[in-house]
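First chain written, first letter: the chains are A, B, C and D, and each begins at residue 1.
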Amino acid sequence: MSERITPYTRRVFYYETDKMAIVHNSNYLRIFEEARLDYMEKAGLDYPALEARGVLIPVVSASVRYLSPLRYGDEFSVETRMTAFNGIRFSYRYRIVRPSDGAVCAEGESGHCFLDEAARVPVSLRRREPEMYTVWKSLMDEETEHGT
Amino acid sequence: MSERITPYTRRVFYYETDKMAIVHNSNYLRIFEEARLDYMEKAGLDYPALEARGVLIPVVSASVRYLSPLRYGDEFSVETRMTAFNGIRFSYRYRIVRPSDGAVCAEGESGHCFLDEAARVPVSLRRREPEMYTVWKSLMDEETEHGT
Amino acid sequence: MSERITPYTRRVFYYETDKMAIVHNSNYLRIFEEARLDYMEKAGLDYPALEARGVLIPVVSASVRYLSPLRYGDEFSVETRMTAFNGIRFSYRYRIVRPSDGAVCAEGESGHCFLDEAARVPVSLRRREPEMYTVWKSLMDEETEHGT
Amino acid sequence: MSERITPYTRRVFYYETDKMAIVHNSNYLRIFEEARLDYMEKAGLDYPALEARGVLIPVVSASVRYLSPLRYGDEFSVETRMTAFNGIRFSYRYRIVRPSDGAVCAEGESGHCFLDEAARVPVSLRRREPEMYTVWKSLMDEETEHGT
């Protein structure tokens, strides 16, 4: 993980639980999204600006491994890193940790592409937004250097 | 309720429950929305067409009285009626009933306006979409005749 | 509002929006719940302890007036106060403000009762949990003194 | 897919969309859950009875490939099959199809175990609920015969 990007943290909301008294499995994809957008913001990858310029970032794949259930009130921390980026597609990896007992609660990945909002076709960030591409590319290089 | 518009029915999904093992209070507003759009469709008030023409129907107010909690697997039926319509604002009333024991599970209301999507200002349906206005107006007259 | 209880704040998550590009109406009830539980915690009304002792706090009524839509990324602040408490039922009032432009985005209320988890019948907090009752009662007195 | 188990179908709800005007990625896990529980019911695998006897079925892993976005009002059909079952763990596979244009909208898998509700440890269905085990086992054999 990039040294300068701190983990995303918050506590579990009541409405995120289901009748098993644990966070519903679908909500982990929402937590991944929160963590991903927080990471982007901290890294200077301005997603709202990108969307304002007509480029969306849909999810093309996602996976989760549920290891220790989160419960109402649990504080959790999400370690996020970008694991691939070629200007057309990119990937993130997530690890949700519960500081109170050190448990790894879940791990997962998501894959994304850049999409033209109007045409609804994939676009090359390098050609469409070259300045933004440079920022994303630098971050990927930084991640690769520090990566596992 | 209009004689020709049948109630909206489905069963409770697992993920709609919370750790109290009942449907989360916020989900009743989602069920009201499902019932309202189903009512509109059955009544010939074509909401997708309206939205495609740049008119949105946001919610300006909503209220719920929770009477008997819905649980996972419960089948429920929503009786919906339009209770006011003047071409600028309109209101709906809802009653959620559980056929298995006849319980009234919840009652509520919602208020709405017509909104221009681009300008984000309220619009008069009569002036903006006169043909659609006529259909809505007729339905309101029909509701009034059969009302309460 | 009690002087010592600070407003609840966070930012809008992407998944809280709908295709109108605003926060879905149902999510305001979720935000109210977040704010209510945050208020309880700050006030020393220990809800997790209450639930652990078999007393639930279901919602018996709720209402929202939507004034200015919240959008993705908006920071918001919720001013919460307890407006009634008699040991059997109690009420909260909420005001969601967006600091960036000072807009009041929504206002609302919720009504609650204390419920025995096993028997699923309302209980008197005074008789069931007299020590907790005293804390709640003191807070209500404090709210009344400072109240509008 | 078992010949006798029909696909699960419904239409997309308005609140399932996000500001990209497509169904939010997390909701596909909810749709998988709806389809899985519908499949279980149609197959005679009585999940509510199992839960009433203190056996939960948490999700231990899940994955989704998003192929063609679902939009508000789309009717979709989910083809579900059980792909593995050994009495302790089991897996499902899902394919969401949109009949209007024949598009495969998403594919995915989920992995599950049987969990003792009180002890929160995995249990063997064969030992804990032998009669139910037999029903599940027969279905798995049936799936294997008809499987791809």
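Just so we're on the same page, contacts are C-beta pairs under 8 Å (C-beta built on N, C-alpha and C of every residue); 3 or more make two chains touch, one makes a residue touch a chain.
These numbers come from a predicted model, not from an experiment.
S.K.: As a test of understanding: of all chains, whose mean C-alpha position lies farthest from that of subunit A?
M.R.: Measuring from the centre of subunit A, the most distant chain centre belongs to B.
S.K.: Suppose each chain is reduced to the average of its Cα coordinates; what separation in Å results between subunit A and subunit C?
M.R.: 30
S.K.: Can you work out the whole-Å distance between the CA centroids of subunit A and subunit B?
M.R.: That pair's centroid distance is 35 Å.
S.K.: Where the CA atoms of subunit A average out and where those of subunit D average out, how many Å apart are those spots?
M.R.: Centres of subunit A and subunit D (C-alpha means) sit 26 Å apart.
S.K.: For subunit C, what residues touch not just one other chain but two or more?
M.R.: Each of 14-15, 26, 30, 33, 72 in subunit C touches at least two other chains.
S.K.: Classify the inter-chain contact topology: is it line, ring, star, complete, or other?
M.R.: Basically all the chains touch each other, so complete.
S.K.: Any idea which subunit B residues touch subunit D in the complex?
M.R.: Contact set of subunit B toward subunit D: 10, 13-15, 30, 33-34, 37, 48, 72-73.
S.K.: Which part of subunit A faces subunit D closely enough to touch in the complex?
M.R.: 20, 22, 25-27, 29-30, 33, 56, 58-66, 69
S.K.: Touching subunit B in the complex: which residues of subunit A?
M.R.: 14-15, 17-19, 21, 24, 26, 72
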